Amino acid sequence: MRINLSELVLQFDLKLEGNPSQSISGVAPLDKANIEQLSFLSNSKYSSQLNSTNAGVVIISEQMRNKFEGNKLIAKDPYVAFAKVASLFQNSNHSFTGIHSTAVIAKTAIIEENVTIGPFSIIGEDSIIKSETVLEARVTIGNNCIIGNKCLFKPNVVIAYDCKIGNRVIIHPGAVIGADGFGLAREDKGWIKVPQLGAVRIGNDCEIGANTTIDRGTMEDTILEDDVRLDNQIQIAHNVRIGKHTVMAGCSAVAGSAKIGKNCLIGGGVGIIGHLEVCDGVTLQSMALVTKSIKKPGSYSSVAPIQETHEWRKSAVRIKQLDKLAKRVAKLEKG
Amino acid sequence: MRINLSELVLQFDLKLEGNPSQSISGVAPLDKANIEQLSFLSNSKYSSQLNSTNAGVVIISEQMRNKFEGNKLIAKDPYVAFAKVASLFQNSNHSFTGIHSTAVIAKTAIIEENVTIGPFSIIGEDSIIKSETVLEARVTIGNNCIIGNKCLFKPNVVIAYDCKIGNRVIIHPGAVIGADGFGLAREDKGWIKVPQLGAVRIGNDCEIGANTTIDRGTMEDTILEDDVRLDNQIQIAHNVRIGKHTVMAGCSAVAGSAKIGKNCLIGGGVGIIGHLEVCDGVTLQSMALVTKSIKKPGSYSSVAPIQETHEWRKSAVRIKQLDKLAKRVAKLEKG
Amino acid sequence: MRINLSELVLQFDLKLEGNPSQSISGVAPLDKANIEQLSFLSNSKYSSQLNSTNAGVVIISEQMRNKFEGNKLIAKDPYVAFAKVASLFQNSNHSFTGIHSTAVIAKTAIIEENVTIGPFSIIGEDSIIKSETVLEARVTIGNNCIIGNKCLFKPNVVIAYDCKIGNRVIIHPGAVIGADGFGLAREDKGWIKVPQLGAVRIGNDCEIGANTTIDRGTMEDTILEDDVRLDNQIQIAHNVRIGKHTVMAGCSAVAGSAKIGKNCLIGGGVGIIGHLEVCDGVTLQSMALVTKSIKKPGSYSSVAPIQETHEWRKSAVRIKQLDKLAKRVAKLEKG
């Protein structure tokens, strides 16, 4: 793949300052790019690299354009523009197309046109796989599922029975959708399992990270609305609902029956307790613990950042004494 | 599946107030149920929904019975009763029974009667799979394992060599039992791997969540006693022992050689440091970090809940100064 | 496997005090070992067990040798010596050798001599598997990968396209190497995916735990240098670089573009924010959150340890008031 800047201008509606016949064959960061590669500046932290970059062209914002002498493509949002241009250089990397001879497909399953089902995949009874969807390899689809069109499921993805997945959903390796929620009732002699009779419903344009787990609901479905994006190793418990466009970074966990609003940005390692509500437009910083519902949009944090361990030990001891300390201060104030 | 209330009374030893010929075909939450569905009230937070529910019958406690006018089934523990009734509406959802032709089974393995081994499963040498156990699909059983009867292992479960699993154990997709513990010894030139010569032993009636990992012991076995229930994405390190009836929520982690007592309730994202002991009857709140042994039953917590980020920044700075602040207060007290 | 102490002395260059013709057939902890088993003392916490152990021989340091009367093997580092001796008792536990008939191998793949490719494995186009490597079962190697020699990949390991793995690398079940990094750009109508055009490069002698995930880079590769050791359920985001000999315990997470130095010891559940640098020789205690670059070697901590919940509630309230409390103290000091 090789493309001239003049062609990029046309395809992506960008403004070029520089040589329209410069050709590009790939992308690279500013400090690594060569004359055949495109780069971009989005985080101003890296702006000093503009002086020394060898990139054939840089995607840059209107505000920063004067900081760079070389070929530049001016974009309202350089990161968005980069995402679109970079997609030209992405191969499908599927080594296989069609229905592999080793796949085990129930007779009652409906496989629409142009679907790929890779080696060792299993499709359950009465399930529907809509057109142009790719199940790369070793994908399990349980009974009675509906998988939308143009989906891409990577190796070892498991979708349990009765789940419904929208269109253009990407699911990375090892993700498990629709395992039983963690429901237990206690009798004298021990725990008994609460049947999990709901399923999981995932909207259009969602992306689910590697080894992420989304449990089926107890009586209703666990729901991801459209354009929800989950990173790797996330745990979504039963009966949770996550609103449109909400994004969650790796290793976060949402406990049972919590409701998360739209357009939330949830950092890595965040914990959200069960049965809470988080309103639209909330940002949660990394490893924050949400123990009460959040009703006001904004940014929230909880975990204190690191200290050197010998200093931190002193702080940790004092935290335990904090209530007493506050009372001592109150006493001093009274004289 | 459709059943009359009079039949539920007989099967589950419940007390009915209302119409014995009302029939039920499923379950739903109070605010969603229709006349054909059964619901329950366990968490009093939802009691206001009793006024408006359309449920055909509600399972309710003796104490709450007066709050509801409709058909009701009175139970000592409505959640336990619900769990039992709901199991009537659960399908097995296995699309396959018997030994699938694609399974790779060692000649020396012993497969007892009425076992299901689904597509692409692998059974190692000298392993025993006891009667009525179901390995749904793509399950790996290493060499020399014993798997009890009436177990249910979901797709992509891996049991490494020499592990022993009790009866009626449920293991969800992607769980890994018996991978090597994380044992390393340092030489000048780098790390050397410490062989992990123990295995994993899991008691009867345990449940292991999706993508949870339980490592094999170094010299002895890692042990889960009977009726231990682990949620998804939990990490149990080598040589750990977990007592009967202990329950652990998602994303918790127990480091090497820690011993956890019986009847503990461990919240999500909890961390327990290696070589510690947690006694019987301990509750750990979400994301708590246990750095010393706990010798007294009770509830323990550590992480502070969220504040708005701009407020939290002030708190975070002050935490680092806490030791100095306490000394300043002591000085003031001395006059 | 049975071996005399005189033979261990020769093979591992140890010093024996005791009976050279004592034979050993396995290993066990001090408090469980019998006369046929070898044990070791490394953690002085367990030294009282020397008095009562029945072990046939104990590996012990020069300093501790006088505390034990029985057969002893004296070693500079008893844990290192134990690791080496114990490896004698480890079986390969592979039930299969060679290329399994069910494996799906691209015609353009190059499989060197003495490679094992277990059942249901998939090898992509143009990939190279070097000599003596074992892919146990159900391993996926994408297109255009290079896998070094003497590697051992366990069931359900996924290596996506274009990744390069060094020699003698061990990867445990369910680990996913090279899934897309979590790159999203926001347009008015929703998120768009940023293509992840880099790959993952893993050095020699690395070990990757069960269900750990290492994402491919956006433009460059995500890199693990030689002898990096990752435990289970770790998340390494795109563009991260981890230096030689660094060890990371379970459930830790490193966000995008962070750089971790050499010889770091990173505890369980640690979080490292994106775009930071952690210098060589840093120890991070369990569940610490790193929000700024660390430029000085040493030990760092952040999370306060547990209190009983009713005490902790008081502390938690006071943390939120800490800035006000500090101001009140300052006012008192002014008189």
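The chains carry the letters A, B and C, assigned in the order they are written, with residues numbered from 1 in each.
As a working rule, contacts are C-beta pairs under 8 Å (C-beta built on N, C-alpha and C of every residue); 3 or more make two chains touch, one makes a residue touch a chain.
Please read all numbers here as calculations on a predicted model, not as lab measurements.
Between the two copies, chain A and chain B, the Cα superposition rotates by 120°, quoted to the nearest 5.
Residues touching across the chain A and chain C pair largely diverge in numbering: under half of the numbers involved belong to both copies. Once the centre of each chain is set as its mean CA position, chain A and chain C turn out to be 25 Å apart. Across the assembly, chain C contributes 102, 120, 138, 156, 174, 211, 233, 251, 269, 287, 303-305, 307, 315, 319, 322, 325, 329, 332 as residues in contact with two or more other chains.
Those residues of chain C that touch chain B in the complex are listed here as 26-29, 32, 43, 45, 77, 79-80, 82-84, 86-87, 89-91, 93, 95, 100, 102, 118-120, 137-138, 154-156, 170, 172-174, 205, 207, 209-211, 226-227, 229, 231-233, 244-245, 247, 249-251, 268-269, 286-287, 303-310, 312-313, 315-316, 319-320, 322-323, 325-326, 329, 332-333. The residues of chain C lying in touch with chain A in their complex are 102, 104, 106, 120, 122, 124-125, 138, 140, 142-143, 156, 158, 160-162, 174, 176, 179-180, 182-187, 190-195, 197, 211, 213, 215, 219-220, 233, 235, 237, 251, 253, 255, 269, 271, 273, 275, 283-285, 287-292, 294, 298-305, 307, 311, 314-315, 317-319, 321-322, 325, 328-329, 332.
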